[in-house]
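There are two complexes below, and they share chain A, which is joined by chain B in the first and by chain C in the second.
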Partner chain A sequence: MSIANRSPAPAVTRRAQARLGVALVLPVMIMVVAFFLIPLVNALYYSVVDFNGINPNPDFVGLANFERLFTDPKMAHALGNNITWIIVGTISPMVIGLLVAMLLWSVQRASVVYRVLFFLPYVLPGVAIGIVWGWIYDPVNGLLNQLLRAMGLGDLARGWLGEPDVAIYAVLVTAIWAGTGFAIVIFLSALRNVDIELVEAARIDGANSLQRLWFIVLPQIMPVFLMVLTLTLVGGFSVFDIIFIMTGGGPADATEVLGTYAYSNAFQLSDIGYGTTLALLITVLSVPVAVLLNRLQRKLSLQGTGA
Partner chain B sequence: MTKLLRLTTIGLTAVLALSVVGCTGGAPSDGGGNDTDPDTLRFMIGQPEDPADLALTEQDIATFAEESGITIELDVIPSENVRTVLQTQLRSGDGPDIFGYDTGPGFAGALAEAGLLYPLTEHFSEREWPIYDFAQERVTFGGEIVGIPNDIETVGLFYNATMFDELGIAQPQSVADLTAAAQTIADSGVIPFAVSDQEGWQGGHLLSMVLSSEVGSDAMEALIAGDTRWDSPEVVSALTLLADFNEAGYFTPSPAAVTYDNANALFYSGQAAINPTGSWLAQDIERNVEFEVGYMPFPASDGPGIFSGGLGSGLFVNATTTKTDAAVEFIDYLLTQEHGRWSVENTQSIPAFPIDTEGIEATPLFSQILDDAAKIADGSGDFGYNIDVLMSNTFNEAMGNGIQGILTGQATPEEVAVTLQENY
Partner chain C sequence: MAETTLAMTDPAARRALSDPDAGSRAPSSAGGHGKKVAGQVLRHVVLIALAVLTITPVMMVVSTTLKTPEDVRVDPFGLFTSFSFRNIVDAWTVGRFSDYLVNSILLSVPSTALVIVMSTMAGYTFARLPFRGRTALFYLVVLGLLVPFFTFMIPLYFQLRSLGLLDTLPGAVLVLTSTGISFGTFFMRAFFAELPAELEQSARVDGCSEWQIFTRIMLPLVGSGIGALTVFTFLANWNNFLVPLLYLPGGEYRPLTTGLYMFTGGRSNDVGPLAAGTLITILPVIVLFIVLQRQVTQGFISGAVKG
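Our next item is the complex of A and B:
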């Protein structure tokens, strides 16, 4: 019997199915409303008022905060730092993570130990990472400068977090150290689903390591690769904690990103209206990227490509 | 199905209502966390730097509870969160009954303007609280006294007196003396000044010291009142001195990368000879060093200079508390002679009201600080101002960023002075 010829389910069954559907969707609906829609509406409200965090009846200012956004050189500077962070902070953990995962793929003995070791920084609290790396970078007694001096490279010793041209990259190194373990573990899991016979066949056909990676392995793990890429990329837009702890956005705004700039306006300068507008900008920039990559990932999954 | 939809609607409405209250704070209600016990006060303070100080505070309120029968529930939160937490709690009507907070216009002043502080003017006159006039002015907003200043603080230079003796350096009496001393210290392989500026606020203290000594208290008052411009030659000159000292290598290498705690550690360990900071650190210094320590003002170009003085934090009462009697009784206790002497001897803080110091047990370093601070109160000494407690948040941010800019070579003193004036 074809599907088209099937008789409709009884009304009792349909009602039961509908009830089940609503019951299954309800928790998600509640969470979306509570943790997304209401905060979003709240944020939109605060972005059109002049709110200092105290005044119970803030003045309505219309689009003034948005106009200010587009003429604020500090915002442009912070956005530039976000772009640097997104480029370096996305490419580095993806490349390092993939390479290390490839190396660990064939490791049989103690592979769990390696995985734990590489994943450990990812589960450490951001505050602890920031404080410890702050000590490492300390210009006087920091481990990094002491190592450089011990190796006769004292000329390279510097105040890593205190030099405007270097500070953002010093913090980035810390973030890459902390985040690469996640990429390694996820890639490693995806690699376990790669068809080894295809890889071996390519090897027999004369494909070198890079060709095997590019034409055989990567297409098979592409959805997972895109998932990690999405998370890392969106993290680049919303980066806050590690910069706030290590430099506070300084020196003299040199490491300011949109997240720290929004915080500074909202909670240090008590300009919650503008701080919220900056936070909305982060959302506006990051959501389309996340949606785009998510759709691409789904498309590849439906095509049957990947792990 | 209809029943299910109704349940769904009720559920969503409940979540909506809870979230709105959670996100926006809701309507103000009685303070004190809805605790109706009139003899229990909730007291919020920022986490002290040293756990020993928190233990002393706990001991102090236990003594008060024993004497008065009023229980105080201490609510200690990270200092950097006080502002955010307090504003949110006060707005939501769930604030503490009493709390410690900065006395500046951007802090207590903003709360007073929003009507979130309980006015204490009548209690001041009724109970004749003996707060110094100048201190009283700092907690007066819109003609109403809204708080009790906790203590007087000065900002100056702590120096390793033992090291000074070993290097044959006398206490500098001018900028030229200080420069020569810094050079001698640097030549001996020690960092002359334990300067930190990663957090940004330390730059304001450096400027306060240099500028106060150079121009004197009257000129500082004119700057703070806006009668003199912040891009005037005096301000540029003070900023230039900081730039020159940094350029000469007298400050910690890359001071904008050094935290306050790390700079203090450099001083404690003898890796740095002079610590430019405030009298609040005196007790920690004495706990951590094994050498003699002196305390002096940043010298002027033509003399020994003056200390920058001001108020630290203050104590405030929630406008919506229903326990004002208990709160006022607690303030009464804090302003007694006995408590004042206890503060001096145990927490090394200088009360903002006159106390009889005869027979008081204090270290030589703190005795000196106490004597100097007493001159602020009785008007017998010239004192400068700690700029950041008297200026707006916007100005303070410009000052912090500007001095970081000078210390990292991103800005010139002239540029920073112009920025200060723009943000006045």
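Our next item is the complex of A and C:
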């Protein structure tokens, strides 16, 4: 850093910077206030009134919506599905992603074609993904059942999205198919940043491949690992598109999650107050997780630098 | 060790992480030459199998689209068993997918442009133009990143309705813009923050105004960031399902995503045109992704490293 950099800029410059700064930041701030802050404050208001979407002066109901929230068996069921979704839907892409990334890392001439193919599902719209996987799970003509029958496992063939016991896992497999490419590509770039000299040194010192992975490689990609974990975990609380499209929360609420339950309360049952309260629950659950994991990630990053 | 763990905080390392093609450092494996080759072949076999698994659902869309209607009725998902453009023609005309395509463009292009312009301006301010209260404003932007859209989507519906923006193109464009600016601001700020302070100072010595420093000196240097953000934002807006589902309920401005969804609800047996509609929806995404795959993956990766 130069000396000029440390000494404060002249007052004229600072004033000019402040003027331009305020002007440049204004459009974003107007948008944030109008389309985020105001509706956010309104969300808090809606959660304490009984609003049906029409009545301009809804009744104040205090904490009734919250009381209902904690005694609602459907909410508990939906939250349970969110938890299943988060556990399976986080662990699978992380593990598969890491394995495939290491495979790609270890091949010579790891062609860019692999990476493009693996990443492709991640950029596709959820509706398209839901439709195609609906075909794959089709009870009669579906690719999955045809494959099972061809392999002599016809007994396992079923209406994958129509049976309450398996529907959520069927949708999860779709989500894993769509999301793992993201983990693969991120892990691969982290692996390519790993200090190879350290790995080689450990090998010379007699560490086997599992030890090298556990003690040398994994600690180095840990911050990236945590980052992907945060994103998938937090996304798991607000999952909506893929479930709404593939099952609509059915059959018989079997795949209902907080997102679809909040949507149907607000927009199908016109119970705006309760729908908003459910949506607030999603935030209350996901924001602390995001902040906590982010802190951990920063802490790890700093430790690595010896700071 | 420091090198990689720094990836989260150090700009240079972040760049290295952001670049999927950076270096081809891979761990060398032990063993003789023959064993090495066999291992490499085996790895490629596994990777090819995974790639086929990944791409099969996309192939199904293409295959079913290009079937004759008669073949679709008998064998809807058998791969490439007949050839016809009838489904595409039907989807385009009877299925109204030509309208949906136009609407998707009318929604995605202006909202992407607005996100880019606003985020670049605000990102520059938060990186380089200090003024009193700037930190507080920045926290508001960060809050917008943390809180899921779910939390305030219901109040936003009634807000748009009272402003007369519900079911209008400008309303949906503004909401789409608002969903992207928090992230965009954060993203562009990181790019501007990496530029050396000397550039700014020497420009000032040469008599440039603050506005000229921004537009003539700094802006041309963040081209790669703007490029990545453009592709990323465009894909997010094109794929967005919830915004048109909630705020364009009338159907007049229905884009491809909700158009496709409505099509599955209304005429679930029309698999051929449905496949064609799906293809029309995903084809722009796939083409954009393949042509700009570096920018896309880079955008997604550095997007993930935002926090």
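To be clear about the criterion, the second predicted complex is superposed on the first by the 266 of 307 C-alpha atoms of A that agree within 3 Å, B and C clash if a C-alpha of one lies under 4 Å from a C-alpha of the other, contacts with A are read in each partner's own complex, and residues count from 1 in each chain.
Rule of thumb we're sticking to: a residue touches a chain if its C-beta (ideal position, glycine included) is under 8 Å from a C-beta of that chain, and two chains touch if they have at least 3 such contacts.
This is a predicted model, so every value here is computed, not measured.
After overlaying the two complexes on the shared chain, residue contacts for A:Ile38 are found with chain B and with chain C alike. Of the two partners, chain B and chain C, it is C that touches more residues of chain A.
Of the two partner chains placed around the shared chain by superposition, chain C is the only one that A:Ala16 touches, whereas chain B remains out of contact.
In the superposed pair of complexes, A:Gly162 makes contact with chain B only, with no contact to chain C.
Look at A:Asn208: by the touch rule set out above, it reaches neither chain B nor chain C.
Of the two partner chains, chain C is the only one touched by A:Arg115; chain B is not.
Touch criterion met: A:Asp253 reaches chain B, while chain C stays clear of it. By the document's definition of touching, of the two partners only chain C reaches A:Leu103; chain B does not.
In the superposition on chain A, A:Val123 contacts chain C only, with no contact to chain B. Touch criterion met: A:Met29 reaches chain B and chain C at once.
According to the touch criterion, the shared surface of chain A, contacted by chain B in one complex and chain C in the other, consists of residues 18-19, 22, 29, 34, 38-39, 42, 53, 134, 138, 141, 267.
Here chain A touches chain C in the complex through residues 2, 4-5, 13-14, 16-22, 24-25, 27-29, 31-32, 34-40, 42-43, 45-46, 53, 100, 103-108, 110, 112-129, 131-136, 138, 141-143, 146, 177, 181-182, 185-186, 188-190, 192-196, 198-200, 203, 212, 219-224, 227-228, 230-231, 234, 237-238, 240-241, 245, 259, 262, 266-267, 272, 275-276, 279-280, 282-283, 286-287, 290-291, 294, 297-298, 300-306, going by the rule given at the top. Those residues of chain A that touch chain B in the shared complex are 15, 18-19, 22-23, 26, 29-30, 33-34, 38-39, 42, 52-56, 134, 137-141, 158-164, 167, 247-248, 250-254, 264, 267-270. Interface residues of chain B, counted against chain A in their complex, comprise 1, 4-5, 8, 11-12, 15-16, 18-20, 23-24, 28, 83-84, 87-88, 90-91, 106, 110-111, 113-114, 116, 191, 197-200, 252-259, 262, 266, 271, 393-394, 397, 401-402, 404-405, 407-408, 410-411. Touching chain A in their complex are the following residues of chain C: 1-9, 13, 16-30, 40, 43-44, 46-47, 50-51, 54-58, 60-61, 64, 75-77, 117-119, 121-122, 124-126, 128-132, 134, 137, 140-141, 143-144, 146-159, 174-175, 177-178, 181-182, 185, 197-198, 201, 204, 209-211, 214, 235, 238-239, 241-242, 246, 256-258, 260-261, 264, 271, 274, 278, 281-282, 285-286, 289-290, 293, 296-297, 300-301, 304-305, 307.
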